[in-house]
Every structure is written in C-alpha cells, then in structure tokens.
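What follows is a pair of complexes built around subunit A, which joins subunit B in one and subunit C in the other.
Our next item is the complex of A and B:
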C-alpha cells in the first residue's frame, strides 16, 4: 500500500510538471507566432519603404527630366535644346546648378549624327556632339533616356539627340 | 496540495505572460500606427510637391485639399539649404521655387517675371486670401504698384480658395473679386485714411504711401516707391520687382518665436532663389554670346581663305577688307561695343557690295550673322556679365537692387531688338 501511495504521489507530481511544460510550450509557441508575425509585418513595411524609395528616385528622375526639357538654362523658348547654351552650361560649376535642382543628378545630351562622340567645351564648339553636366564617376545610378531636339545656331539646324537624365544613389 | 500549487502557478504564469504579450502587442501597434501616420504625412507632402511642380512647369492652377488630413501643423523654411517643408515627424526638401503659406486648403498658381531672355517663375501656394489695399495717396506710381500686385495673383480668379482684393478706408472695407473691379472702384474715390478696421483671418493689409517708414503702420506691410516696411519690424526691404512685394505681402507681419516676421523670411527666400537662378541664366547667356563672337572669327578665317584663293581681282580686295573689318570688330567686342558695331556694319556693307558684283561665295546666312553682330551683341553680353556678377549675392541693398533693375530692363530691351532682327 505505501508503494501504491508513493506511486500515486509521484504520478501526480509528474502530471503537474507535465502540465507546466505544456503551458510553457504553449506560451513559447504563442510568442514565436507573435514574433513571426512582427517579423513578417516589419519585413513588409521595410519592403514598402524600399519600393517607395525606388519610386521616389524614379519620380525625381522624371521630374528633373521635365524641368531640364523646359529650363531656359538649356533650351530656347520652344523647349528645343540650344547647343550654345548647353556648351556654355558645361563651363559652369555643378554646385551652381545643384542650388537650383538639388544634388546627385546628371544630364547628358548626345546628338544622333553617326559621328564618334566628342565632348563639347567652349574651345571646340561647334565641332562636337556630346554635352555632360554634373556627371560623376559613379556607376550606381538610375536614369531615363528621351529623344530630344538640339538647335545649332551655327548651322541653323535642328538635330535629333538623346537626353539622358539620372540620379546617383 | 500539488494541484492547488499548480493552479497558483498557472494563474501567475498566465498573468505575467498575458501582460508581456499585451505590452508587446500594444507597443508594436503604437509604433505601427505612428509609422502609418508618418508615411501618410510623407505621401501627402510628396503629392503637394508634385502638384506645385506641375503648376510651376505648366502654369495650370490646381487646388490642394489634402493637408486637411494632416493633424499636425506644417511649416516652410525657405532659408535652409535646400528649402524644406516641416511636418510632425520630419521634413522634406523642396526645390521648386514656391511662395508657400501652409494651410488646410490651398490654391496653387504660377507667377513669373519675364525678361525676354530669362523668365523667373515661382509656384504660389496660398489659402483663401484677401489683399486689402489702403493707398494713402492716389498718384500713378501707387496705382502702378497696386496693379503689379493684382497682376501677380490674377490667375486665381474662378477657383476656390482664391486670392481676391479689397480696399480699406478708415473703418470701411470693400472687397472685389479681381483687380479690374478694384481699379474701377479706385477711380471713384478721392482720398483714403489709414485702415483701422478689424481684419479677419486671411486678410493681408497693404498700405501704400510716400510716408511709409518703420512704425508708420501697426498692421500689415507698408509700401513706398522702392522700399517696403513690415509692421512690428524696424527693417526696410528693397523691392526690385512685383514678386518681392508678393512674398512680403503673403508672409506679412506674423512673427515666429524669435520675433522674425514671415514676410521677411519669405522675402529673403525669394531673393536667394532669384539670385541663384539669375546668376546661372546670365552666365550662360554671356558665354553663349561669346560663342557667337567665335562664329564671327570663323567667318573672318573663311573670308581670308577665299581672298587667298582668288586671283588679284576686285572681289579679292573686298574679301580682304571684310576680313579686316571683322578683325577690328572682334578686337573691340569686349571693351567697346560701339566700335565693334561700327565695324561689323562696315563689313555688312562690303558684303552687299560683294553680292552686287556677283563674286559671292560666302555662306548664305552670313548676312544674318552680320546683322546680328552689327546690332551689338557685345553690349548684350556685357550686360549679361554685369547681371551675373550682381546676382552672385543673396542680399540686395538699395544701390545694388537699383543697378540690377536697370541692367535687367536694358537686357530685356536688347533682347527684344535682338529677337526682332531674327538673331535669337
């Protein structure tokens, strides 16, 4: 009989311990589920932030493109790029433009004339076909390319050109 | 006994675990809510920036009501580099030039100054506003000042919110929907007294008088030809163009915690972006004109080559003479515009002589080049250079502002002549 009592006591204690472990496991799994949910939701938010940042970068690039295409600094009244204005602009410091358009952007214009690329400057104008403003040696960038017209005062001619506008990341 | 201890453990464990989970979830929910609010604020401010930019580029007015969904107050700091819009949880830079008076409901329009060769434009984002004028003298100069201000906001007619105008004479205020009605009403008035009427929210008082001085008015701004004063401020603000006045009026006499008026801040912001933009535009224009003188140099070389190719004929002599005239003209280009003009005119006459003698082999558009050169782009270039030098400063005192104003007027006239001759 005493053996039976001891057995019952032991059994009851073990059952109690088993219940505690059961509870601990239950709580543990609930915490894990909450944690996984939080990680999932946070990850989703971070993904949204990243997507939003990318969208903002693309929006900024488009917005800069729109501004450059009508800016009196580079274009004539009819929004055609002026080769003399572009050449004059290449002589200005990038920091001067950054005060107006913000930082970390670049602009490139290349006339599509089947000739080898020759960068324009005050010295070689008009014997050139490529203008770059605020271009840095940074491959991490996103850009858009648009077809535009460039008017040459010297030849009194309008040529087809590509405008590349981008921002550095 | 074992069972009751276990029950106690279950209760305590359950309470602790529940509290921990609850705290965790509540904190997370709080963070999530604030994150959502912040991202909504950012989106709304971003939409506003896009709307302002669209209006700036296209000139088509837009209404913007989304700020009513933001609980916190917005503010605009134009004097920072870059200018920023502040909201509860952060700030965002704005590069579009803008006259911005934050409010729940806004009308965005475009205002600009046209100098022919250069336009200075700005978006104007303001709530329902009534600009109340009190012209203490009714001279033409004061009427012109009022007209220049009403013209700036003319494109808001027919929108809600909008900018309307009014007249205040002593305790009486009369409101008009546009500048024309205001001008018509002015012709029926004889004299005005200082405005003592109670002004509602959104009313901006503008007193115009030759007697304006610091302390002359207790409300709004006071304009006298070439200078402006803001009530409660000892400073005087030089104005060169109607946009200077528009920024001062919309900012008006509301002060921040440091006692600086909104009018002063907006005025300084306008002149900062104006000078930055003018500097680039004038510099590019000056360099562009120097490229045209380079063109003349090319013609000179070409005529010299033609002359050397030709036998000893009458034509050769004329080509040599053209080349010589252009050479002299080029040497005068930077210092003596009149002499340069004289010599290019002489070259043009010689070109006509070549044509009459049938010995023409120069490019077909050379005549136009002579015409443009003879017009005197050297003067235009020198004015552009002067403007870019003056625009290098952010602040314009009365002397510099006057010089800049004169040069801009001159450049506008020169550009118009230049354009009329088909040189642009």
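Our next item is the complex of A and C:
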C-alpha cells in the first residue's frame, strides 16, 4: 500500500513538471512569434516610408519639369527653350535660381542633331548643343526626360531636343 | 481540464498564424503596388507630339518648313516635292518622323507608336499613318490587342481646313 502511495505521488509530480515544460514551450513560441511580428511590422513601415519618399521625389521632379518648360528664364513659349537664354543661365550660380525653383535640382538640355555632344558656355555659343545647369557630381539622383524644342536665334531654327530634369537625394 | 487547455492553445496558435498570414498579405500587396508613372507618360506623349510638330525639317519652302507643314502637305498634296526637286512630302514626312521618334530612347526601347493625321470638321477618306497601324484598331474588334495606350492630340490648321494630328504610344 505505501508503494502505491509513493507511485501516485511521483506520478502527479511528473505531471506537474510536464505541464510546466509545456507552458514554458508555449510562452517561448509566443515570444518568438511576437518578436517576428515586431520585425515584420517595422520592415513594413520602413518600406512604406521609402516608397512614399520615392513618390514625393518623383512628384517634385515632375513639378519642376513643368515649371522649367514654361519658365521665362529658359523658354520663349511652352516647351521651346531659347538657346541664348540657356547659355546665359549656364553662367549663373545655382543660388540665383534657388528662390524660384528651390534647391538640389539639375537641368540638362541636349539638341538631337546627331552631332557629338559639345557643352555650351558664353565662350563657345552658338557652336554647341548641350546645356547643363546646376549639375553636380552626385550619382544619387532621380530624373525624368522629356522631348522639347530648342530655338536657335542665330539659325532661326527650331530643333528637337531632350530635357532632363532631376533632383539630388 | 487538460483537453480544454490543449484546445485553447491550439485556438491561440491558429489565431496567431492567421494574423501572420494577414500581415504577409498586406506586405505583398504593398510590394506589388507600383508607383504610378501614367502622369509622366501622358506628359511625355503630349510633349513629344508638340515638339515634333514644331521642329524644323531643314527645308525652307512653306509647305515643308516644319513637321506640321509637312504633314499638311502630305495630306493635301502628297507628291509635292520639297525644295523644288527634293523628296515628296509624304516620303519626307515618313522618314522625318521615323527618324525623330528613333532619337528618343524611351520610345525606341519600350514603346511602339502611331503618328496619325485625320480630317477634323470635314469629310475625307485620306488618312496618314506613320508607325504601327495596329494601334489604330477599334477596341471592339476581337483581333485588336488590348494595350494600355497613351494618346496626344493636336490640331493643325491649313487655310479653312483643320487636321487632327494624333500620337498614340503603347508598351511593346
């Protein structure tokens, strides 16, 4: 009879230990799942922030492109850039445009004349076909390209050109 | 009691798994949601058409000076020779527009295009199509490929006649 009592006591103790281990395992897995969830949600938030930032940058680039295409600083009429105005603008500092267009942007115009690219300045105008304004040596940028025209005062001709507008990140 | 606890644990696990799947779903949906470039493509198409029409062809006669003049000439007098003994208007329009379109990398690599000239406000059977004629097909037609098209339209006036110049681009 005492043996039976001992057996029963031992059995209930084992059962108790088993339950503790079971609960410990359950808590352990729940903690892991919560941790994974936290990592997952943080990653998701970061991804959303990055996407939104990219969207904002693209929106600003598009808005700047529209501004440049009608700006009296560079154009004669909508999307027709004036080569003389562009050349004059290349001689100005970026800070001169900041009040109108903000900072961290760049603009490039290239006439599509099948000739090799020749950058324009006050010295070589009009024997050139490429204008760059506020271009920095910064590879971290996003840009859009648009078809536009360039009016050459000296030839009295309108040429096809491409306008590249971008912002630095 | 033990069976009841086990059942509760299983239910809890199932709920957690469902939550995880829900989050994965939202995450994947967000990844697949791409930034919308339609506004850019629309602006690009409109600018391309306008820039093409305004560009000088290199000829000085009034029928062939600008691409828009060339298209009007191609529509009404396709055999008119630019520069006196140069190419016919229609041939020159075909070559010039194809050449200009190929200068744009975005179009050359990713898009097919159709440059179409149609009468506006008067009846005529004459149509000018430069590029891929499939882009002009009726969408109700079963053989017409379902493509997302971007269309830009401009009017060209010649005397009392008005022509409708249309540029249609669609992904290759």
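By our rule, the second predicted complex is superposed on the first by the 158 of 169 C-alpha atoms of A that agree within 3 Å, B and C clash if a C-alpha of one lies under 4 Å from a C-alpha of the other, contacts with A are read in each partner's own complex, and residues count from 1 in each chain.
Everything that follows uses one rule, which is that contacts are C-beta pairs under 8 Å (C-beta built on N, C-alpha and C of every residue); 3 or more make two chains touch, one makes a residue touch a chain.
Just so it is clear, the structure is predicted and the values come from calculations on it, not from any experiment.
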Subunit A as common anchor, with subunit B and subunit C clashing or fitting: fit
Which partner does A:157 contact after superposing on A: first (subunit B), second (subunit C), both, neither? second
Have a look at where A:124 lands relative to subunit B and subunit C in the superposition and call it first, second, both or neither. neither
Of subunit B and subunit C, the chain that contacts the larger number of subunit A residues: B
Using the touch definition from the top, say if A:101 reaches subunit B (first), subunit C (second), both or neither. first
Is A:58 contacted by the first partner subunit B, the second partner subunit C, both or neither? second
Classify the contacts of A:70 with the two partner chains as first (subunit B alone), second (subunit C alone), both, or neither. first
Which partner does A:147 contact after superposing on A: first (subunit B), second (subunit C), both, neither? second
Identify the partner contact of A:8: answer first if only subunit B is touched, second if only subunit C is, both if each is, neither if none is. neither
Regarding the shared-chain residue A:41, is it in contact with subunit B (first), subunit C (second), both, or neither? both
With chain A overlaid, the minimum CA to CA distance between subunit B and subunit C in angstrom is 12
Residue overlap on subunit A between the subunit B contact set and the subunit C contact set? 30, 41, 48, 66
Subunit A residues within the subunit C interface of the complex: 26, 30, 33, 36-37, 40-41, 43-44, 47-48, 51, 54-55, 58, 62, 65-66, 69, 78-80, 112, 144-149, 157-162
Along subunit A, where are the residues that touch subunit B in the complex? 12-13, 16, 19-20, 23, 27, 30-31, 34, 38, 41, 45, 48, 52, 56, 59, 63, 66-67, 70, 72-73, 76, 82, 84-85, 87-89, 91-92, 96-97, 99-102, 122, 125-126, 153-154, 156
Mind pulling up the subunit C residues that touch subunit A in the complex? 9, 12, 16, 19-20, 23-24, 26-27, 30-31, 35, 39-40, 43-44, 47-48, 50-52, 54-56, 66, 100, 103-106
Please output the residues of subunit B touching subunit A within their complex, sorted ascending. 2-3, 5-6, 9-10, 13, 17, 21, 24-25, 28, 32, 35, 39, 46, 50, 53, 57, 81-82, 93, 95, 117-119, 273, 276-277, 279-281, 283-288, 290-292, 294-295, 298, 365, 424
